[in-house]
Structures are given as structure tokens and as C-alpha cells.
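The letters A, B, C and D name the chains in turn, as written, and every chain counts its residues from 1.
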Amino acid sequence: MPAPLFYLLAFITLGFGLLVVLARNPVASALSLVMCFSGLAALFVTLDAYLIGTIQVLVYAGAVMVLFLFIIMLLDIKEEEKKGQRLTAVVGGMILAAVLTLQLTSMAGSFPLAKTKLDDKPLDISAASTAAKDKNHPLHSMQMIRKDLDAGKLPDTALMGQTLFDQYPLHLQMMGLLLLVGTVGVVVLSRRDTAKEESKGA
Amino acid sequence: MSLLEIIILLPLLGAALIGFGAPARLVGRSVALINLLLGGAALALLQQGKTLASSRVVLDTPKIAFSVGLDGLSAIMLLLTVLVTLAAIWQIIDKPAIYYTASLLISGGALGAFLSTDLFFMYGFHELALIPTLLMIAIHGHGDATTRRGIAWKITVYLGVGSLILLAGLAALVIYIGQGATFDLGYLTQAAANVKLPAATQGWIFFILLIGFGTLVSLFPMHSWAAPAYASAPTPVAMLHAGVLKKFGLYGLIKVALPLLPLGAKLEWVQNALLLMLVGNIIVIGLVTIHQDRLDTLLGNSSVMHMGYLFLGLAAGSQIALNGVVLLMFAHGISIALLFAICGKLRNQLGTLQFDKLGGLAANAPFLSLMFAFGAFASIGLPGLANFAGEVMVFVGTFDPSVGSLTSGLKNIHWATIFGLWGVVMSAVYMLRAYRKLFFGKPSSGLFMSDLVSSQRLPFVLLAVVLLVAGCYPGFLTGLIHGMFVTAAN
Amino acid sequence: MNYELTAKVLLLLPLFSALTILLLHKLLREASVYVSLGSAIICLICSVRLLLSPPSGDSMEGMLLPFLNLPGLKADFGYILDKQAIGMMFIVTFIGFLVHLYSTAYMKEDDARPRFFGALSLFMFSMTGIVLSSHFVMMFVFWELVGLSSYLLIGHWFKKPEAADAANKAFMTNRIGDFGFMIGILCVWALSFVGTISDKPTTTHALAAPEQLLATKMANSPTAVTTEGADYTGDIRFSTLATTYPKSSSSSIPGWLLTLAALGIFMGAVGKSAQVPLHVWLPDAMEGPTPVSALIHAATMVAAGVYMLVRAQVVIAASPLAMDVIAWTGGITALLAALMAVQQNDIKRILAYSTLSQLGYMVMSVGLHAGEAGMFHLYTHAFFKALLFLGAGAVIYACHHEQDIWKMGGLKDKTPMTFVTFAIGTLALMGMPFMSGFFSKEEILLAAKHECWGLLTIGVITAFLTSFYMTRCVVVTFFGKARGEGANHAHEAPMVMLVPLMLLAAFSILSGYGPVAEKLKALKPHGPHGDGAGLVMGLSIGVFVLGALAGLKLYWGKDKDPLNIPLFANRFYIDQIYAMIVKIFQDRLAWIVTAMDTIFADGLAARLPTAVACRVGRTARSLQSGQLQGYGFVFGAGLILAIYLMTR
Amino acid sequence: MITLNHYLVVAAMLFAIGLAGVVARRNILTIYMCLEMMLSAANLTLVAFSRFHLHDGLPDYHAQALVFFTITVAAAEVAVGLAIIVALYRARQSVDVTTVTKLQG
């Protein structure tokens, strides 16, 4: 992958990320976040994580952000009142960000793997297809995946599905349950307390 | 399900039943009565040499099991508990169902604590019994709401902290002696002989246990919860806590600390600290008790003071003294329960317990007067009533040659005994003064005390008769305990 | 004759009677009196039979009831029947029976008769228990029980504040004595181990099997086993004391220990026999009904101290220092009490102080190695002092419950029988030649002369004072003219009350002579043979005459007391001093200690941590600003800190 | 050339920006968005590591499964969180966190 592409994407991600924080108007923040997440999704793709990138766009940049915008519209939130930012909060936030960045950056190169270049470590699909020939390999019985692998293609979605359904079926179920609970919770939370209002009206 | 498990669970079941709306009085009384019979049966079986032990494993590592067992010591505590429970429940009249529930819960918890042979359950059951005690003081205690809540908080914090210290000590036992593998007391006792902890370590653990258990028994500097709590507690709670539950601390020291840490108990600094504290109990609290001008606080303080004798026997550690301690625990439990019961009746009818407002009650209430005499004279160690034999054995035990030879001069413990003997004089001072002020002299105008009707007399007569029987023939009880101390050695 | 059964009947019958009255008094009502009386009669018969056919040999021991029997503490109740016990038993049951009989009339108008007779039975039970006691613990048990019955009987009229206070005072003072008694018993018990193998401080834990300990002891101990199979460790029986108790000569026992044991035991006697400084309760105890005073506070219970000292003679004799203390305590009590008696106006109080004084004699004689003389005086004193008290009771009864002798007078014509018996008792007490008191007192004085001149002087002065105040009492009460309303309308007591008086009068004379004295004498008496007997006899006759003459001279025909010595009348202010001490120690000290307790145990230990916890909590609370951003900042800072710590 | 380090630094900076936003901003919606950003930054490190930690020549899909779960949970969380914000707004007529100090001790 060409380096400039990475820098461009990183710039988009971080720049719009910064805009989220800086923008006065929540709508601007939200739209910047969409851009930020899009950049992030592209970065995922540069890492050969196509499915995750797609989900990032669909779920985050799509659904979640729509939800945000919807709420902003619903509540009709204008710009923050001009009460002015509290200086301590702003300074505190900046200091935190600076220190954390420095700290994390300074230790980022401290282990060998960190210095590995992306191009030095390409995906090796043929190795995977050879390994899958072993009877005990988890992919051995996955005909579709093996076909793709033998063809030298990366069946990203299929591999992801295989991992999720093969290794984490219970977790997946629980996730479903969690979403259900979340849905119910949202309904309960956003329901107006009709009984109270009725009594108020009466 | 073994007999002992039934004995423990029956009161808890009864409490639950009452909670679900069963007729409180009927359930309470019948449970107490059945438990008395079951307790008697257990004692009879023990006398015939049957072993009454059962165990249900709850957790494998570390091994925690709901194991119960009966030896001489716990048999006496069992007897004490069922007797006081019956009296405490029987004397409740015209009170809400929660009184019965709480009494049964305390009783069940105490029984569990005394019968468990697993440290985990022993500790747990005691805490179970404490909770209703604290709640009852907070909700139905005497005095205005702020005072009684303050008192409830005080006792909660005191006993909570005491229990925590105790927990630390017990954990140390499990870790050092049981290698963290088991909470089973029988196993720990055997292991203690093999592990051979150094005396210094034993001393520390013993001291922690002493402070922890001691707080529960109101050992001297940790005593200030007891008197106000008993003065404020509803009658059955005061009876059960002062009479039964409080003894758990000593029971634990005798059953757990002494056999597991024999060297630690004999260390000089531990001994001296203990002696100092118990002399504080006897002399300082004795004087404090003399200063009281109300019956309820007087009884509360006297109950604190008498703990000094029990600790004296513990400090001596000789066989006679330990027998005496157990006997005295039983006797004190019965006598203080009787006194608190009378105190409750007086407060109910007269509304005040101030000495200077009362007098001459014996004229109209001869029965109560007689019963109070039983309790008061028992607690000042009159021969023929149960406390005497215990006290004498404790005192004699401290002069045992195994404690130290007299020929080289009086040891600290002998001085403590002499203070203790003086304490007997002091307890006569306040008890007789209380009796004189309440029952003798000219009847006070305006306050009329009618005697109890026959149907309400049973709990009082029961306790008094037990005092008398145990006082005239303590050999029965010492026979039970004595057997236990021998088997514990083997 | 079955001695064991006799002993059991003597001990348990009164208890049975007491319990019957306690449980069934509602049912029995009047009959309660007869239950108690019946048991007293049976006990009297038993003890007379014992007296007439004593067990062969010097003494006999046996088991009565199980009480406590632990390895090292053998305290089952046993009985001991020797001359001392049998003689004392006769006194107790005889006077006890007479008092029962007398009370049936004296207490006729009291509503609480069942309670009175129940307590009387309880007392009889406790007293026979003391007499039969075979060891120290049993002695202590009944020692306390007589204290209880005395408490109940003094406080019989509990609505009277004085009676209630007197009851408390008696019990309390006895408790102080028992404090020492218990220390003494503990020392004696511990001494029974000295020299045996178990005396060595062992590391064996208490839970070790006692059988093993015992076995080693039996095998290795040279001194513990004197008889085949017998083990004296932990044995506190009186009968084995003589052989096992260390003599003062034995070098392995420090002298202070023997002294402590002896003085401890003696302290018990000081309380019960009302010796100085614990004498204050006895005069107050006169608040009880008069028959009680006769039985308990003159004849039997107060003499139990002397009885016990004689029983434990081995223990106290082991310490010469203790013997001196005992002798002097007795002597001082005798003198002080006699001085106090001189200025009393209450007839019962005069007798009470006289009792104190006579008890002082007895204790003194025990301290002078003449316990048998003390016992002899105990017997004779029991008869004539019981007689005097019952006589005083008859007088009080006659004068409609008037007790002040200055409001009596001229009673000899109105109550002739009472007068005659009272006079006999008085003469016996004064030590008139050929009365019982003369012989017993002389024996004591003789012992004093052998041992110590100081005590002889005290004894003689006391005898003079006795003679003086008793003359005063009789003259003021029975002669002259009636000075009070009660005395004007005096009438003779009924026959039931007079019969005991006559019987006691007979014994007051006879008990000094021949077969009666022989039967009663505890041990082999000295007899007035030794050198100086003549001198002592002369002295005692002399002071008797002198005292009587002085009394007659001063008081004949007087209407009020010509003497006024406030120091004596106020009993040397001892009661006031005690009241002050009690106030200081019991009230002030208790107040201070309570304050300290509140400050330290409640304040420092409970409230201070509470305050600290509250303060810390309040401080920590301000961190909880509720500001989301603040929390976020703390979270971030924490994160940075965590990373820093992990990568350090 | 691009190394793993590059990705990590980008993730760290994104995270830091998010944190700064959480601390500095008062609008609760913006804060919420910043939180999402921080979560995504974490996701980026996971994906990066997964790519550099080859397994038989393939990326480590376990890490990606974790990212998948994170995103799912985050979606649910956003839904619930926004509902709470709506409820809060109804009660207070404001989305300013400085006015919400119910937790003050």
C-alpha cells in the first residue's frame, strides 16, 4: 500500500475527529464523525479487514450516526449556549490528550512487531490453502473457503463467519439477547409516562 | 436429615412460616417447645455415647461443608439456647409477629453457630443471628427513635468490626494450620498438632481471635455497646442476645482458639493482656454498674461485668477452670435471661425503671419478687443456684498447679482472681441494692405492679427451676463437659 | 443407729420443709407453721439420739450428696460426725426447735408467717449443713446459705426501710468476709498440691487427658500418697487436713502463703462472727423479728465463724502470725463491743453488742490455741444468749413492741416468769460463779493468761464491763417504776413462749456441769487445773462483783441514764466512718470510673473513630462533584497513571 | 513505509482526541460521539494487530471477531444511551452535563 494513501486516510480520520471535538454545532460534530468513521473504515480496508470496514461504514457511519442526527433534530439542539467553555475543562482535556498521545507514541515502537512493515508481511494465501489440507485444521471441511483459498483469493467474509459461528456461537447468541434487551430498554426509556401525565391532566 | 440439622433449621423454618402469615404465637411457641424436646433428645443420645454428626459438602476447594456435631460443650450451649428460646418466646404477650420471627431467627442462628463444626458456617450462623438483633433494636427498641437508632448503629458497627477482626483470625487459622484447604474444625484440630506453629505466631493469631471474639462478648475496652444495647433491646431480644448469643465469643475461644493455639494462649504477653482486660471488666465495669440508677442499664452492665469471670477461667486454662467457664456460661445465660424477662415485665407495666421512683413491689408482686431474687442471687453467685459452682470452679482453676506454683509468689493471674473475688462483692452490692430499691421498702405511690397471672408464669418458673437444679447438682453438666475435654485431647 | 441416714435427715428435712412451704404456702396457709415446727422436732430428736449414742471412734465421715467431683477438686457433699459436730448440732436443733415453738406465738399476728417459717426452715437446713460440712467448699456453700436465710429473716418486714437496709448490710458485710474466706480456701486447696509432682508448672495444655496426669502423679509422688491408693491432691476435707496440711516447720512452703491461707479463712469468720472491723451488721440485724435474733444472731449463725475456725484449726495454727492476729482481733472486738453496749438503750441492741463481745472472747480463745475453750463458751453462750433474746422478745411482746429500756421498768411484778429466766440468763452471761458462763469464760481467761498478759487484761476488763451493762439492763428494765405506756399495760407472755425460756434457763445453768458439759464438750478440755487457775478465778469473781455493784449503784431507781458517753453511744462512730468510706468508694469512685469509661471506652474507642470516619467521608464526598467532565478527567488521569505504572 | 507503529499512533491520537472531547465538551451528545470515537480507536488497534499477527498466512480472525462484537455492543449502547439522553432532556430541557449533578455526594 502506498504510504501517501495511509497518510491521507490518517489525516482524514484525525482531522475530522478533531473537528468533532471542536465544532460548536452538534450537527457539524455529527457530520464530522461520519467522515472520521469513513476514514477509519478505509484504514480497516488497508489492513485487509474488508468486512469490518464495511460494517464500520454501515453500522457506525450509517445507522448510528443517523440515530445521532435524528436525536439532534428531535431535541432541536442548537449550538451550546454561549456560557463559554470552562477554561479548566478545556485545558484539562488538552493536557490529558497531549500527555496520553505522548505516552502512547513513545512506547509505540518499543516492541519488535511494531517496526514490521506492512509490505514485509503480506498475506500468504497459498500457505493458508496448504495448511487447510491438514485433516485437523479447522478450515479443512470448509469447502467454499478452501476453494477461494486455492484460487488465491481471501474469502474475508466467509472466514469471519466461520470464526464467529464456529468458535463463538454462544457469544453471538448473547449478543443477540443483548440487542433485544437494548431494544426493550430503549422502548421503556423513551416511553412517556402516560399514567403520570393522565393524572396531571386530570 | 440428622437430628441436629433439624434442630437448627426448625426455628428458621418457623420464622419463615410466620413471615408468610402463619399464626405467630402458635408457631413460635410450638417450635420452641419442639426444639426443647429435640434438644433434650440430642442430649440423651449424647449421654448414651452416640455420635451425632453429619456433614454436607458445599464447596470442594477450599473444603466448606455444612457439618454439625455435638460434644459436651456444644451440648450445654444447645441446652441453654433451647431453654432461653422457650422462655423468651413464651413471655411475649401482645406484640406483633416480628417479635416471634426475630426470636426464632436469633435462636436458629445461635443454634447453628453452636452446633456447626465448620468455621465457615459457625461464623455465618452467628452473623445470621446478629441481623435480627440489630434490626429489632432499631425498629422496636425502647427509647425515642434517635436514641435507639444510634444504639443500633453502635452495636452494628462494634459487632461488625469485631466480626471482621474475628474473620481475619479465623482466616489466619485456615491458612496457617489448614493450609487454606479446609474450614473443618475437626481436621484443623488434628492438623494443629502436626503443623506445630511457632509460639510467637500462635500468640498473634490468638490475640486477634481474642479481640474478635472478645468484642462479641464485650471484653473490657470493647464493651461499650453492650449496656445501652441491652437496655434498649426488646425483651426477647435482650434475653436471647445477653443469655445465648453473646456466649458465642467464649464458645469460639474455647472451641477454636484454645485447642488450635495452645502455645499462643500461654504466651506471657497474651496472658497479661487478657488479664488486664478481664480485670477491667470486673473492676471497672463493676464500679460502673454500681453507679447505674436504672434497672435496665444495671443489668446490661452487670452482664458485661460477669464476662470477666469467664475470661478469667479462660486465662487460667486449667481443666477445672474451663469446666467452670462452661458451667458459668450456662448459668449466666439463664440468670440474665430471667432478669431481663422480669425487667421487661416491670417496664411494660410501670413505664419506668428508675430506682428512685420505684419501691416496695414485693408487697403486690410476690411472685416477681421471688423470681427476681432467683436471678439476682444467682448472678451474685449464691450457692444452690447455678452460677456458684461455675464461679468457684473458675476461681479454683486459677490456683491450679498447672497455672503456676504458688510457692514462688502470687502470679498475675492470682491477683486477677483476687480482683475477681472482690468483683463478687461488688456484684452483691449492686444486685442487692437493686432488689432493695425495687422490691423492698415502702410501696411507691401511684405506681402499681400487679403480679403475673398463672398462665404467664411458665417462662419464669422454667428458668428459675433450671437455675436451682443446675445449682444443686452441677455434676450433671460438668459430667457432659468433662467428657468433651478428654476426647478433645485424644 | 444409721448415722448416714440421720445426717441426711438432719440436712434435708429442713430443706424439704422450706421447699414445701415455698411451693404450697397458698394451700397450707396456717399449716406451714406446723410443717416447719415438725421438721424442727424431728431434727431435734435425731440430734439428741446422736448426742446420746455418738459413733464409735473419734469421728465418722461419709457421703451425703453429689455436688462436684472433678479430677483435682473433690467437692461432693459429705458429712462429718465428731464430738464438735454432734455438740454443735444439738445446740442448733435444740435452740432452733425452741425458737420455732416460741415463734408460733410471737409471730401470731404476722400475715407473712409462712414466709417466716419457710425462711426459718431454710436457715435450719443451711446451719445443719455448716455443722455437718466435711470440707471447705461445702462449708462455704452453707456459709453463704445461712447468709441468705439471715438476709431473708432480717428483711422479714421488708416494708420497713430500716429492716431492708439492715438485711442488705448484713449480707454485704458477710460478703466482704467471704471474699477473704474464698481466698483462704483457694490457698488451702492449692497447698494440697504442694510437694506433689503436679506442683511443677507443666506445659501440658489443659485439654490433656487428666487421667494421664493423675497416673504419673500417683506413680512418682512420694508425699502425695500417704495411704495405699489415697491421693490427697485437691483434697480439702477437714479430716485429712491434720495429716496433709503443711506444718509451719516445713521449709518448702513460704510462711506468707500459710499466713495468707490462715488469715483468709479467718476473714470469713470475721464476717460471719461479726468481729471488728466487720461487726457493724450485727446490731443492725436486730431489725429482724426477735426469735430470729435469738437463733441466728446470738446462738448459732454468728457462732459458725468460731465453729469453722476450730474445724480449720490446723490451717490457722500453721501460721503463728495469723494466730496472733486472730487473738487480738477477738480481744479488741470483745472490749470495743462491751464499751458500746454500755451506752445502748435498745434492749435488743444491748444484747447484740453483748453477743459481739462474747464472740470476741471465743475468737480470742481460738487465737490462743484454745479452740476447745472457745467451743465450750460457744455452747454455754448459745443457751444463755438465746434465753436473753427470747426473754427480751417476751419483754418486747409484753410491752407492745417497745424496745427502749428507759420506757420500760418495773416489769418484774408484771412478768415474773420472764424476769426470773431473764435474770438467770443475765447472771450466766455476767459469769456469776456456778453458772455455765462462769466456767466457760474462765477457761478462756486461763488460756489468755498462759499466752499473753495483754489479752488477759482485755478479757478481764471486758468481763467487768459485761457485768456492768447487764446489771444496767436488768435494773432499768425490770426494777423501778414503769416509765412508758407499754410498760404500764405489760402482761405476761403466753405459755408457748415461756416454756422455751424455762428450758433454756435450765440449760444455762446445767451446761456448765457434769454430764451435760461432758456430752457437749468439743474436744478434750483443759479444765481449770493449770497454774494460775486460782488467780484467774479470783479475778473473774472480783470483776463480776465489781461490775454488778457499779451497775446497781449507778442505775438503781434512776429514770434516765446518769452516764452520757457519746463516743460509746455512737459506737465509736465506726458506722459513720464506714458510711463515708462507702460513699467515697462506692459513689464517688464509681462516678469517676463511669465518667472515665464514658470518656475512654465510649468516647475514644467508639466516638473518636466515628468522628474520624465522618470527617473522612465528608472530605471524600466533595470529590463526588457529580460533574461528568470531572469524572472523565479523573478517568483519563487514572488511565495515564496506569499506563505509566505498567511501562515504568 | 507503513508499519504497525503508524496505525497504533493513529489509534492513540484518535483515542486522545476522544478523551479530550469527553473532558472538555459540555454537550452530552458531543461527549457521546467522542466516546464512540474512543471505542473506534480501540477497534483500530485490534484490527491492526490482527493484520500483523498472521496465522497460516491469514489475519487473526479472533481479533476481528472481537471488533465485530464491540461494534455490535456499541450500537446497542448508542441506542440505549440516546434513549437516556432523550429522557434526560425531557426532564431537564437541557443537554448540558454541567447541569446534571444528581450524583453529587
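In this section, a residue touches a chain if its C-beta (ideal position, glycine included) is under 8 Å from a C-beta of that chain, and two chains touch if they have at least 3 such contacts.
Small disclaimer: the values here were computed from a predicted structure and weren't measured.
**Q** Can you list every chain that touches subunit A and also touches subunit B?
**A** C
**Q** Looking only at C-beta pairs in contact, point me to the busier pair out of C-D and A-D.
**A** Pair with the higher count of C-beta contacts: A-D.
**Q** So the centre of each chain is just the mean of its C-alpha atoms; given that, what is the distance between subunit C and subunit D in Å?
**A** So the centre of subunit C lies 92 Å away from the centre of subunit D.
**Q** Compute the distance, rounded to whole Å, between the mean C-alpha positions of subunit A and subunit D.
**A** The computed centroid separation for subunit A versus subunit D comes out at 8 Å.
**Q** Taking the mean of the C-alpha atoms as each chain's centre, how many Å separate subunit A from subunit C?
**A** About 97 Å, centre to centre.
**Q** Distance from the CA centroid of subunit B to that of subunit C, rounded to the nearest Å?
**A** 34
**Q** Multi-chain contacts only, two chains or more: what residues does subunit A have there?
**A** 89, 92-93, 96, 100, 104
**Q** Any chance you could list the residues of subunit C touching two or more other chains?
**A** As it turns out, subunit C has residues touching two or more other chains at 629, 633, 636, 639.
**Q** Per the contact definition, I'd like the list of subunit D residues that touch subunit A in the complex.
**A** 1-10, 12-27, 29-30, 32-34, 36-37, 40, 43-44, 47-48, 50-54, 56-59, 61-62, 64-65, 67-69, 71-80, 82-87, 89-90, 95-96, 98
**Q** Show me the residue ranges of subunit C that touch subunit A in the complex, using the header's touch definition.
**A** Subunit C residues touching subunit A: 629, 633, 636-637, 639-640, 643-644, 647.
**Q** Give every residue of subunit A touching subunit C within the complex, in rising order.
**A** Of all residues in subunit A, those touching subunit C are 89, 92-93, 96, 99-100, 103-104, 107, 110.
**Q** Hey, which residues of subunit C end up touching subunit B in the complex?
**A** Those residues of subunit C that touch subunit B are 66-73, 76, 137, 140-142, 144-145, 148, 155, 158-159, 161, 164-165, 167-168, 171-172, 175-176, 178-179, 182-183, 186-187, 189-191, 193-194, 198-211, 252-254, 257, 586-587, 589-591, 593-594, 596-597, 600-602, 605-606, 610.
**Q** Quick one: which bits of subunit B touch subunit C in the complex? Just the residue numbers, please.
**A** 154, 157-158, 220-225, 258-259, 262, 266, 284-285, 287-288, 290-291, 317-323, 360, 362-363, 377, 382-384, 388-389, 392-393, 395-396, 398-407, 409, 417-418, 421-422, 424-425, 428-429, 432-433, 436, 439-443, 472-475, 478, 482, 485-486, 488-490
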